[in-house]
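Got some structures for you, see below.
Look at the two complexes coming up: chain A is in both, with chain B in one and chain C in the other.
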Partner chain A sequence: MPEIKVLYFAAASTTAGLQEEHIPLPSEEPFPLSSLATLLSSRHPSRGLDKVLATSQWSVDAEMVDEPEKVFLAGGEEVAVICPVSGG
Partner chain B sequence: MSTGRLPLEDYQRYGRQMILDGFGLEGQLKLQKASVAVVGAGGLGCPALQYLAAAGVGKLGIIDHDVVELSNLQRQILHTQERIGIPKAVSAAEAIKQINSRVEVVPITSALLPTNALDLLEPYDIILDCTDNAPTRYLLSDTAVQLGKPLVSGAAQKYDGQLCIYNYGENGPCYRCLFPKPTAPELAGSCAEVGILGVVTGIIGNLQALETIKIITGLHEGKASLLIFSALSTPPFRSIKLRSKRPTCPACGVEGQKVGRISETDYVAFCGGDRPDWVSKGMVVEGRTEYRITAKEMRHVLQSSPTTRLIDVRPPVEYGICHLPNSINVPLNELVADPTSFVKIDEELETYFVCRLGNDSQLAVDALRSAGGKGIIKDVVGGLRAWSKDVDPDFPVY
Partner chain C sequence: MSTVSWPNASTEAKEEITEGVAVLTYEELDTEKIMASVADDRAGATAVFIGTTRNSFEGKVVTRLDYQAYSKLAINTILNIIRTAHKQHSRSQHHAEGQIASSLIKCAVHHRLGTVPVGKPSIVIAVSSPHRKESFQACEFILEEVKMKAQIWKREFYEGEREDEAKWKANVTT
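The block that comes next holds the complex of A and B.
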């Protein structure tokens, strides 16, 4: 199966319990970015990752995504969870 | 070429940066004429202010309504032990005077609010967001958009940081474009709750100063990007290309401003209400009297009852900092995931939970009870903080 690399920062990293992971896409078919939150939450249940993802943005290959529903992952991409950080 | 002139002494003071290609006398004169508002004189604001002052920015406004505390000094490097208890804006102004007495410093010790933000920030060319909470970040973004000023924004938590210039350049997005929905307050986490390595705020604060100097002197390419810093990752810096402003953005979109008047906007409500006061919440007994005991009662139980187990539900790293001698460590997330495999149900035993402030320990009581736990299952009101205050003043508070 094609794989993607997911990067977690700040609250996303806290709730996922890791900083990055390689995950296989469910099929050979292009995978909609808009379904990635559900996939990641199911891999890391019960720690609040779903709530963090709800207010986060995606970057794919170091570019911020404007409309996730128009982006499909074929494998090989580096997807980062960009969550708002308010500390300082 | 500029025809301006600096005071004689400044040629020596700023010579090292003036000889840089692209900087020159002109760059120095621009800095001298510039005014920068730094909102928040904490972990980000201190290093940003330090470098802006040293570089010779003409006027620095410092807005912060907090006072210096001992727990700030690990990262807020303009403050000193001697200045604990005085307002951070005043402390930072004093530190700047020692670095560069000719910088005009305006310390403002009132809180930045929707009702005063436009007035307070209007006199400055550039605004630095060095704050520590989401409502103020949205307020600053809306204000920067309305005033048409760039917002150099830094943020940090744990080992990670972010840097971005909002509302900058031809089509640069604002904070709302990027993050239209705020994170729930209980997930946002403060430095006190989630921790911060001081040098991480230092790195981001220095970068804020750098970007500000680039904007003032004309060295910035004019395109905003989002820089993500993660101290433990390889590579530690990642630059994310930003999209243009969102046409539908309620603050800066082409369809016009829809957020309403800043002075009438409740930013705290927009961000889901006040950040929880975990110290006070951990002390609440009302409605749970039969499930909670005080620290003093806990001491009595530990001295008199041999069939007692005391379970500390903090993360292992915090348990390692300090713990009560008879306690065992079962982190809350493990306990909640599978209560009875970690804490065997035994009605002969009295079970007591403790944590730092007395919030997680209540969740532990509920988890064990709903998993079928019977008999005495209680937690310590106010947690180890209360233990230190009421039972053993030698027990560390962190």
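The block that comes next holds the complex of A and C.
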């Protein structure tokens, strides 16, 4: 199965208990980014990751995604959970 | 004290463009050096913003702050902010031929990663321009944009509270 790399930062990282992981996509079909939150939450149940993901954005291959419903993952991508930022 | 491990993707980074420089570093920020990096004989003004870590939050004593970034994305975000600042200050400017179009000269944005003790700078922004107004405006614009957009996060640790319960902050609450 094609695989993606998922990066977790800040609250996403402390909630999931890890900084990155490789995840096999469910099938050879392009996987909708809009379904990734459900997939990640199911891998880390009972940790409250779903709540963090609900307030986060995605980046794919180090570019912010404006319209997740239009993005499909083929495998090989680096996807990051971008929590509300707090630099400065 | 537990050993702190920073995310692999939260690396030191530095990227330079003609309009300025963006730096993410685990080293202490050297304000003098950053100011010097935007020095230019055409400049009549250098505006500098130094953001330092505060010792309190809602009555609690802050002991330290930890910063991390998705560095390759954050650097690009900061460079785009610098480019935008330059473009904003080149509008409706009429210069003689051969002169630069932007009324900003150089912007330097340095942001800390890792543990920053209370009272130390976490961000330093320096902007040089021929006249004061543009450098003040651009410096503030860059700061606000970086706080809103750059993929950088801070976690605040409080006196007498468990480290694993330290809060990740958010500049804009959703």
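We adopt the following convention: the second predicted complex is superposed on the first by the 84 of 88 C-alpha atoms of A that agree within 3 Å, B and C clash if a C-alpha of one lies under 4 Å from a C-alpha of the other, contacts with A are read in each partner's own complex, and residues count from 1 in each chain.
The working rule: a contact is a pair of C-beta atoms (placed from the backbone, for glycine too) under 8 Å apart; a residue touches a chain by one contact, two chains touch by 3 or more.
Since this is a predicted model, take the numbers as computed values, not measurements.
A.B. asks: Please work out whether A:74 is in contact with chain B alone, chain C alone, both, or neither, and reply first, second, both or neither.
C.D. replies: neither
A.B. asks: Regarding the shared-chain residue A:47, is it in contact with chain B (first), chain C (second), both, or neither?
C.D. replies: After superposing on A, A:47 lies in contact with chain B but is clear of chain C.
A.B. asks: According to the stated criteria, A:66 is in contact with first (chain B), second (chain C), both, or neither; which is it?
C.D. replies: In the superposed model, A:66 contacts chain B only, not chain C.
A.B. asks: Using the superposition described at the top, determine whether chain B or chain C touches more residues of chain A.
C.D. replies: If we count touched residues of chain A for both partners, the winner is B.
A.B. asks: Can you give me the overlap between the chain B contact set and the chain C contact set on chain A?
C.D. replies: Residues common to the chain A contacts of chain C and of chain B are 7, 9-11, 13-14, 19-20, 55, 59, 62-64, 80, 82-88, listed in rising order.
A.B. asks: Which part of chain A faces chain C closely enough to touch in the complex?
C.D. replies: 7-11, 13-14, 19-20, 55, 59, 62-64, 80, 82-88
A.B. asks: Would you mind writing out the residues of chain C in touch with chain A in their complex?
C.D. replies: Where chain C meets chain A, its residues are 7-10, 51, 67-70, 72-74, 76, 111, 122-123, 143, 146-155, 164, 168-174.
A.B. asks: Can you check the complex and tell me which residues of chain A touch chain B?
C.D. replies: Answer in residue numbers: 7, 9-11, 13-15, 19-20, 46-48, 51-52, 54-55, 57, 59, 62-66, 80, 82-88.
A.B. asks: In the complex, go through chain B and note every residue touching chain A.
C.D. replies: Going by the criterion above, the answer is residues 40, 42-45, 130-134, 137, 154-158, 160-162, 178-179, 181-184, 187-191, 194, 196, 201, 204, 226, 228, 230, 232-233, 238-243, 246, 333, 336-337.
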